[in-house]
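In what follows, chain A forms one complex with chain B and a second complex with chain C.
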Partner chain A sequence: MSETRFKTLRDVPLQEYLAPGNPLCAGCGATPVLRMFLKALEGRAVFVNAAGCFTLLHVYPYTPFKSSWMYTAFASAPAGAQGIRDALDILIEKGKIPPEEDIKVVCFTGDGAAYDIGLQSSSGAIERGLDFYYLVYDNEAYSNTGFQKSGATPYAASTATTMPTKLQKEGHAGSKKDLFEIWRSHKPPYVATIAPSHIVDMLRKIERASRYRGPKLFISFTPCPTGWYHDTSESIRISKLAVECGVWPLKEAIYGEVRHTYAPRALKPVEEYLKTQGRYKHLFHPERQEHVIKAIQENVSQYWRRVAKTEKLDITIPSP
Partner chain B sequence: MLKIRFHGRGGQGVKTSSRILGRAAFLDGFIAQDSPIYGAERRGAPVVSFTRISSTPITERGFIFDPDIVIVMDETLLNDWLARPLEGIKKGGAVFVNALSEFPPPEGHDDKLFITYDLTGRALEILGKPIISSPAAAAAAKITGLITKSSILEATAEELAELDLKDELVEKNIQLAAEVYDAISTPVINTQESGSITSEVSPLDYEPVSYEEVIHLDIVNLGNSALRRTGNWRIFKPIVDPQKCTGCLVCVVYCPDSCITLDENNKAVIDYDNCKGCMICLRECPLRAIYSVREVRVYA
Partner chain C sequence: MRDIKVMAGNVAAVEMMRVEMLTGNVAAAWAARLADVDYIPAYPITPQTEIIETLAKWIGEGVMKAKLVQLESEHSMLTAAGTASLTGARVFTATSSQGLFYGFEMLYNISGWRAPLVLVNVSRGVAAPVTLEPDHNDVLAARDSGFLQFHAETCQDVLDLILLAYRVSEDRRVRLPSIVNMDGFYLSFTREPVNLPSQETVKDFLPPYTPTLPFRASRPVVKGASVLGGHIYTYFKHNIHESMRRAVEVFDEAARRYAELTGRLHKPVEGFCLEDAEYVLVMSNSFTTMGKRAVLKLRERGVPAGLVKIVMYRPFPSTQLVELLKNRRAVAVLDQNISLGMGGIIYQEVAGALYHQRNRPEILMSVIGGLGGKYISPEEFEYIFNALQHPEGREPNTPLFLFRKDELESVKKALGLAGLGGEMG
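The block that comes next holds the complex of A and B.
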């Protein structure tokens, strides 16, 4: 791989671009990712925020940011980003902003905006080749409004709208959309998945993406203590487990070519991950729903068997 | 009509508390009404809910601006200019504060009765969690002097069962509610019934503002969110043991709220004004150099 300035945690820049005191939940899994994003971009960015948990970052008259922020409706963050990019380009051309200031445009949205409500506007922005970053904090439901199911909700998760019932014992019957693949099919210069527990991997990806002009898209795993029912201190632990169990693969695609940036030597059984969260409690209590746990494991194992084959990786995969 | 206002922080069980109280009043034959309100904020942020209890039909709706009883489920809210829990309380009314120890009434509130009890401490001991919906409801019930013990316990069991709590946890909540109900004595509340709010709407004096002035009301103080002081959200406080800390940066990197930095000796320092007490630092520290203690504060 090419040179990187991020090799260990010691290389994380200490300069802080996100002030403390934001009103997001204690133990939020999204804010560590946001902090790292700002560090990697050295704060030189204009942010475009669709409706979601991050709306609350900026409750008048307080702001944790030291740079500009624009708030858009649910569906239109990438459209807002286009407007800001165009305006910046015009100002640079008129000589009103020196080009070396190198201001980037960054969208933040939750999974509701990215997977469902704003999918068409991000598709349009990628198709137009808009030069922007897009960070999705994927907590797998509409967490800001009370944890209703979204297109990112995984199979068997309990949410406010997919509670386990007598007829539907496993909770959510559908499965999570594969946004990585949806975006990858547009062949953008850069798409990656990241996780708040794997900071060095994340910083390297942001660094790598910065070499490309055009859409640079990131989907971040985001533990949500409020909606997933786990202790606030567990957020990073759960993120680590999601990667080690293979539930959240860390990968990137450059112009559509996929590569896994981290593959566990031996995948842990998904049960370890499921047991950490209240939203999967019904799979274990009052009685164990063996077939559901097996189905989740089989889904993960199948994915990794395919990856091991195509990328020639040596991974021990649990068979259900 | 008796009006009770609950002030707490998201996650403490403020809404459930007012519901339990409302249900208990209903079980005792009263007419009851309860409703919560929360702004666009999260766990830890101030939350308010209301219960009205009456022997005649309740026609009043909405917020309670003139409560007879105020239940403050987190003492740090007394200092919060956004929550203002003591605002509008009637003369001679009662204020219950969940606090570790008693304290004199704050300035300008000598005419109210202050009652304190360490609900969070007892909840941590009995339930293992700082959730105080049932004991706060029990405290409110006892202070009203209208609600019987059996009704508050029955209401607790019914409301918590609706939330799908395990039987064992419901039992513990009932135990805690009973303890608080017995421990608190009913004060003599002798508030003046204001009937309806009669204060007139008074227009604000203002100079006509020009369009240019309005559009210049921008936020220029960037990064000012530290002024919010989210440190009040905390129930446990992480403390770094400088003997063990090697400055490895793990806590600095994972802190969701940018609250940890390294000092000149390369030791982690926590910004207690803003730390929300999520304890990710404690969980992730590879050297176990961070420990936690119950946050102890007395409102002064």
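The block that comes next holds the complex of A and C.
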């Protein structure tokens, strides 16, 4: 691969743009990701937000942010990004502002906005070739409203609207929408998945994406202690497990060409990952739902068998 | 395209302006062009599309320097319009009816952001049943959103009011967005003579837009931050309300300057044949022209009839309206809208404005007509003025609903032809 300024954690820029003591939850998996994005973009960006957890990052008249921020509405953050980008472009073109006042535009939303209510808006922005970044913090539910199921909620997760019951023992009966593939089908220059446990991989991806003009899209794995029911100190460990168990593949697609940026030599069983979170507790207590755990494992294994084949990777994959 | 001649010697002299036959839609596009707008987020909807098609053509030909981007919905269109305005671009956009409703939540956001863009609404009745022709339920639904509202009677008004709207909206004492309303079909697709001011005149009238703390690399800024607590929310809402109230005098100031430059003076409310008028009809938008014709006919027959046109609907020009309506014998408010289960929307606002006026008219009658673009005949206007002269036995709180026997017959006939006469007739 091409040259990178990020080889180890020592290469993480020291400058901070997100002050501590902000109103976000302790252990939120999205905070370190936002922090890294700010570092990578050196704070010269406007983050265009949709309704979600991070809407409460700024409570008037306070801000922990050393970069710009624009809250729009639930469904249209990408359109908000479009307005800012287009305005900067035409104002520079008309000579009304100097080019050095230009800033990068980052759409920053949760999965509810990205997978569900704002999907139309992001599809439009990608189709128009908007020069922007989109960072989704995917905590796999509507966390800010109390953890209701979203289009990103995985099979068998317990949420406030998909509780395991006598009639629906496994919890959520549907499965997670594949946003990576939906985005990739638009053939944007750059799409990637990232995780807060894999900082160097993340910074390299932001760096690589920055070479392209057009949509640069990121989906971040985001442990959510209040919705997933795990200790606030566990977030990064859970993120690492998600990657090692193959639940959260780290990959990128450049103009539609997919490549996995990290592949574990031997995938750990998904059970190890599931057991870390209260939202999957019903799969183990009061009795083990073997067929559900098997189905989840088979889904993951099938994915990696396909990847191993197409990318010629030597991976040991558990067979349920 | 001919050159524009300006009277020599006198700066304040009214120009010799170019007159062209333009549809309301093209007049709106001309206003955006003359205002030198930077950005036009767009989305098609009948009967508004001709505006964005015209602008797209001009930009493509290079006669206008702006960026037009077609979004994937009105919700996105209005979002992009708002954020572009906050970034420092002069923004123009347009929609109608369902489109306005699809983007509705963004109206409140745009005003709350203090983004002084101008949105043209080409009025169209709201589904269901789905229709194309105008009434004002669409634009009046936006009355509480924090947008200033200006309603056009003619294609000339469309052009003038858009230019006035930019000046008032961008003024630091106001700094709020505007809606300029024109009726679909009756104005949007009807050619009328329109005086086009020169680019120089508009430049003279409309100073450059200077945004408040726009997004720039040199100075980070947070916009649209949340508030916790009703006290801060109230503080912001009251702030907008105060700015909105100030818009009345800012409009008057702008209108005087515009009149100096063009010879056309616009007022928040305009009177027609009001000297010694005892029976007055209050209305707005393109049907006002029909109302004026009816008033002139009645005057020929010696009936002291008059008319008041509401041009600025938000902020509501209560003081000016009361001034024109006090001491009249009877007033009718013609609403081309209906608040289902209540009646005419503007009627209630006029009644509210008059309540504390000692010399308020004894009779204040509500009339509902022109829904879905339904024509109002001269006889119907006459009927209204007759009812004002002979109000005996009429329940004042029940609106007079303009619907003629022959129109009912025509509905029945259509149902009969469809074989539904028995069940629905």
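The rule is simple: the second predicted complex is superposed on the first by the 312 of 320 C-alpha atoms of A that agree within 3 Å, B and C clash if a C-alpha of one lies under 4 Å from a C-alpha of the other, contacts with A are read in each partner's own complex, and residues count from 1 in each chain.
The rule we apply is simple: a residue touches a chain if its C-beta (ideal position, glycine included) is under 8 Å from a C-beta of that chain, and two chains touch if they have at least 3 such contacts.
These numbers come from a predicted model, not from an experiment.
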When the two structures are overlaid on chain A, which partner does A:M70 contact: first (chain B), second (chain C), both, or neither? second
With both complexes superposed on chain A, which partner does A:E234 reach: first (chain B), second (chain C), both or neither? first
Is A:L313 in contact with chain B, with chain C, with both, or with neither (first, second, both, neither)? neither
For A:C25, select first, second, both or neither according to whether it touches chain B, chain C, the two together, or no partner. first
Touch check for A:L56: first (chain B), second (chain C), both, or neither? both
If you stack the two complexes on chain A, which partner ends up touching A:A266: first (chain B), second (chain C), both, or neither? neither
Go through chain A and flag every residue that touches chain B in one model and chain C in the other. 55-56, 59-61, 63, 65-67
For chain A, which residues count as touching chain B in their complex? 9-10, 12, 14, 16, 18-32, 35-36, 53, 55-57, 59-67, 196, 199, 225-226, 231-237
Footprint of chain A on chain C - complex, ascending: 38-39, 41, 65-67, 69, 71-73, 75-77, 79-89, 91, 105-106, 109, 215-218, 220-228, 232
Could you please specify the touching residues of chain B with respect to chain A in the complex? 11, 40-45, 219, 221-230, 233, 248-250, 252-259, 261-262, 271, 273-280, 282-284
Chain A residues touching chain C in their complex are 43-44, 46, 48-49, 55-56, 58-61, 63, 65-73, 75-76, 78-84, 86-91, 93-94, 96-97, 100-103, 120-121, 123-124, 127-128
